[in-house]
Amino acid sequence: MKTITFSEALGEAILEEMQRDDTIFTYGEDIAKQGGIFGAYKSLLGKFPNRIFDTPISEEAIYGSALGAALVGMRPMVEFHFSDFLFTGIQSITLQIEKIRYMTGGQGKLHLLLRGPDGVSNSAAAQHSESIETIFMHIPGIKIIIPSTPYDIKGMIKTSLRSDDPIICFEHKSLYSQKGEVPEEEYLIPLGKADIKKEGKDITVVTISRMVHESLKAANELVKDGIDLEIIDLRTLLPWDKETVIKSVQKTNRLIIAHETWRRAGWGAEIASTIQEEAFDSLDAPIIRIGAYNVPMPFSSVLQNFVTPDKQNIITAAKKMMGEM
Amino acid sequence: MQKIRKFEQAAEQLFLEGKLPGFIHLYIGEEAIAAGVMATLNKNDYITSTHRGHGHMIAKGGDINLMMAELFGKTTGYCKGKGGSMHIADFSVGVLGANGVVGGGLPIAIGAGLGIKIKETSQVAIAFFGDGAANTGAFHESLNFASIFRLPVVFINENNQYASTAKKQETTSVENISDRAISYSIPGVTIDGNNVLAVYEAAKEAVERARDKGGPTLIEAKTYRLKGHFVGDPTKYREQTEVNNFWGKEPINIFEKQLINWEILNQKEINNINERLDNQILEAIKFAENSPEPLPEEALTDLFVDDTGYDY
Amino acid sequence: MKTITFSEALGEAILEEMQRDDTIFTYGEDIAKQGGIFGAYKSLLGKFPNRIFDTPISEEAIYGSALGAALVGMRPMVEFHFSDFLFTGIQSITLQIEKIRYMTGGQGKLHLLLRGPDGVSNSAAAQHSESIETIFMHIPGIKIIIPSTPYDIKGMIKTSLRSDDPIICFEHKSLYSQKGEVPEEEYLIPLGKADIKKEGKDITVVTISRMVHESLKAANELVKDGIDLEIIDLRTLLPWDKETVIKSVQKTNRLIIAHETWRRAGWGAEIASTIQEEAFDSLDAPIIRIGAYNVPMPFSSVLQNFVTPDKQNIITAAKKMMGEM
Amino acid sequence: MQKIRKFEQAAEQLFLEGKLPGFIHLYIGEEAIAAGVMATLNKNDYITSTHRGHGHMIAKGGDINLMMAELFGKTTGYCKGKGGSMHIADFSVGVLGANGVVGGGLPIAIGAGLGIKIKETSQVAIAFFGDGAANTGAFHESLNFASIFRLPVVFINENNQYASTAKKQETTSVENISDRAISYSIPGVTIDGNNVLAVYEAAKEAVERARDKGGPTLIEAKTYRLKGHFVGDPTKYREQTEVNNFWGKEPINIFEKQLINWEILNQKEINNINERLDNQILEAIKFAENSPEPLPEEALTDLFVDDTGYDY
């Protein structure tokens, strides 16, 4: 085992897979010259000059070209710079990448990976802070991974670069510099499998990304209140691991879903609705969803912190759920 | 060309008889473009097509039985009934899909070009798109992108003078769409899209340049959409005299006359070809009509290669 | 009262408001010359030559220009042609229209209306059949109206053209030719108020648009099974009328939510989650959500009909809920 | 110009001291463009700005106290702390917003132009955008749209030779961005963006044409981004010698020398101006620092004019 950052783990995954498979190539804005805004491309600096390059600011062309390249047999990996800018080229994803295999009756394999940073960080304000994974959960046709640790990102990116389906990966900005243990030897993490980051008996918390860490902090603090959280990191949002969640809820009889994206019509609603449908009788209390207030992300850190959920929201929800407030 | 024409006439009739669902956009009058361009390509070259894509498919070597079955929404169709006219594709002959999104094929074509460039093969990718599509952001981004990376892509603008109800000059701020090539420092040329030989010559030059790593070309092929935007279009936005006038310039008749003049074919041979094609079309219709409808549950296949855990 | 089509009612609303207020103008693709694909602009043919016009196929410019025009004091109404093509210009909506008032601390009034057809109809296939209202429910900053009858569309479009907030209106393709009664005299319908299209005591059905009519058909057929549906047409999806829904659920103790858009992470999940949170103890059974299967819309009518929900799904769900299946 | 420079220097320093959150993109070296263009406008004319927008605000008559307070995220700021550097706006002086989306302001500007045209006033709308933005779909769609409707819009391309880490020629397939005007049949001109008088002349001509219903113009103002893309940018993608070279061509020094040569101002007067400006900046910082932080709950206001029934 070694201890490396999330960025480094991501870089290792990309490097190893590019060495293994020369159909993989990667491009986007501002990635080649400085090693990527968040350092993920540092390990590639100087390597594969034809297989890593910067593009014009042309998101519709960038995302759409990934589809074309996949159709001719390549495995493109595209960085979307900031998840917000998915919107400037999103037709290439929602109308093309997500539909073409189905529309053509299963012709072709869309082995392509879109990845990049999302989430709230340091007063980046409304156009640079969004988490929009829910959109891709709603519109069918692309798988979604959202790893929260160096170990997970490395194993899941490697798996994704070998998948024959299109995948989008969201990496929370605050995670890149976080450290964690990663094995020396090669490993892969299968998509669609949640990871129980902490076992517990009182309340199941279903979460991803930065909120996994907030949940762990909350769990720590709740010990002194005698509340024992079970924290499930979905890791793959589509398809999400329903079995693991249901099993946990059958044990704890209580469910909190915590995500950073807007609470209203966020993916937490999908989990909540599904669980009340399929495990109605296991629930001792209403499912609580935690998400951002339904406003664009404000600039001031006072406002940003108010709008963005964190461990405190989980603590409050857990206490309320256990009847302690 | 004639095969395309006859396919389209059959499709039109079938639609008007209520046998075909959905939207059908006919390529009648524009056949010389697909025919001329595709004659310069190999089977392993790629194209991206448009909502008006039957002609591209046929010229690139698509199977009209499978096409017709798809128009009928049958399970034997190219897309097993999932795509229909606007989404016909045959990746095996290099057709990376018709497209219901105006401009939607352009980014895909440059991606094919990017893949070719990195694989270092000598294939090319062709993007077909309409005059209306030349006003989309996708057009601009794709041409700039292709130029910057000198991709082996040829952009074929089918300027049929209308974008559904809108006349080209009402929505397009440049006289010749090929003039926009200047914005990307690539060659741009306007040709008579109703002259199949002119199309062939221009496409040949561009395709060779692309194969020789000379980068992309923008070709504007001027033509005219002889039918409504889609079958059933009331077409209130143009005069019938204008349409009649262009029927006098339609490509097949012109080319037939040339072939006869140059003594390459005689009228009897042409009749034989027509008869053979008529039979092929009838065959295709029979194939389609006799094919089974998909089973409802087939709707829940073909989304992913691996759909383990996916909830439909 | 007169009996007119949905299209005609929409046309009347536009005409009356454009006559009343000369800051209203309208543009889009293919609307001016033929009276609009679905006839909504027929009543405007020849009138207001400077205030109704066709544009190039440039959706990002079209939607973004509505914002600019609103900021200089006009009231633009833009047709988005097919809801699918919102994606080709969606950054102008999600990143600009939805955010600019908030980001600027409340400067300006964004009196603009985006409207157009959505939904499944006649084998239009995957790129011409979507309902994507959920995206706008999730991302804060635009109000959503989705009327289901001639009466509602007229009254709500008129209100919307007087509103100072940005609004998006989805009109299901199958509704345009449907007829209904509309008063001779002027009327307005307030946004945010649901309409109980049918009272009933056994199950509350929350729905919109085409599915209102499917729900009414289902209710008719269920009479013979002794099941009495209460059908709530939300009409405004954002903000949605929570009070009316909760009151109904407190009466019926059962809730079905029926929409045409994809079931997964569709807005039904938001309603279901909210109701189980706020009326947990009123629920006698798990809330059932009805929506399309999670695939792109296929072409063949056999497949399309299978994927698209209709009255039969509601009947089946209702019977299951009442323990009859 | 000098006011912009000093504001930017202060912002840079405050950021490096850790007093300002978020991203700051400095306009240092590009001041002549905002100053030259804005000198041709009236207060009721409109502009749309970019992520590098402080200069535009100041030149259009924005209040630097409110700007500085916004950079600090204070409740007295232009956006009550909700926007920050990248979203500063003052609709009352015609600034329809900075924009964090590259190319995002272009559609807004043509919309302002459309509104003006329909209202039949003689206002104009100016869209500022960078060289990188000239490769976005929004650029193409907006210029075509403005041309087709002959909108009173002037497009000012601030070609500072970089789009964050990318050199202009690596991503932009045309030598002069103004050459792209051909694609829209509108006048296009490239000028020295470091020469405030050249900017003024070109802008004046274009603005007058726009007011006279002569339609849009594309002006490319060549300049250089003397600082990193944002404050804190390690700037590994260019040589320091290149930067130094351009410091020798920066606009303020050039213009000051001209003013002295032409005896319009003497050094003492310049010193007085500088002193006055320094004081204003100090005032602005003091205003900002002494202003209160917003209350957390204020996050739940300003989304809609009427938020009845809305669940935050």
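Per-chain residue numbering starts at 1, and chain names A, B, C and D are given in the order in which the chains are listed.
What we mean here is this: a residue touches a chain if its C-beta (ideal position, glycine included) is under 8 Å from a C-beta of that chain, and two chains touch if they have at least 3 such contacts.
Being a predicted model, the structure only gives us computed values, none of them experimental.
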Larger contact count among A-D and C-D belongs to C-D
For the pair chain B and chain D, the C-alpha centroid-to-centroid distance in angstrom is 44
Whole-angstrom distance, CA centroid of chain A to CA centroid of chain D, is 35
Between chain A and chain C, the Cα-mean centres are separated in Å by 31
Distance in whole angstrom between the CA centres of chain C and chain D is 39
Multi-chain contacts in chain D, i.e. residues touching at least two other chains, fall at 79, 81-83, 87, 99-101, 104, 135-138, 140-141, 144, 148, 170-172, 303, 310-311
Note: chain A residues in touch with at least two other chains are 55-56, 58-60, 84-85, 88, 91, 95, 102-103, 125-127, 140-141, 264, 294-296, 298-299
Among line, ring, star, complete and other, the chain touch graph is complete
As the complex stands, chain B meets chain C at residues 21-23, 70, 73-74, 79, 81-84, 86-87, 99-104, 132-133, 135-138, 163-166, 170-172, 234, 236-237, 293-300, 303, 310-312
Given the complex, residues on chain B that touch chain D span 135-141, 143-144, 147-148, 170-175, 179-180, 182-186
Listed in rising order, the residues of chain A that touch chain D in the complex are 29-30, 33-34, 54-60, 84-85, 88, 122-128, 264, 293-296, 298-303, 305-307
Chain A residues touching chain C in their complex are 60, 84-85, 87-88, 90-91, 94-95, 98-99, 102-103, 125-127, 130, 132, 134-135, 137-141, 261-262, 264-270, 272-273, 276-278, 280, 285-289, 294-296, 298-299
Within their complex, chain B touches chain A through residues 46, 48, 77-83, 87, 89-92, 96-97, 99-101, 104, 106-116, 118-119, 123, 125, 137-138, 140-142, 144-145, 148-149, 301-311
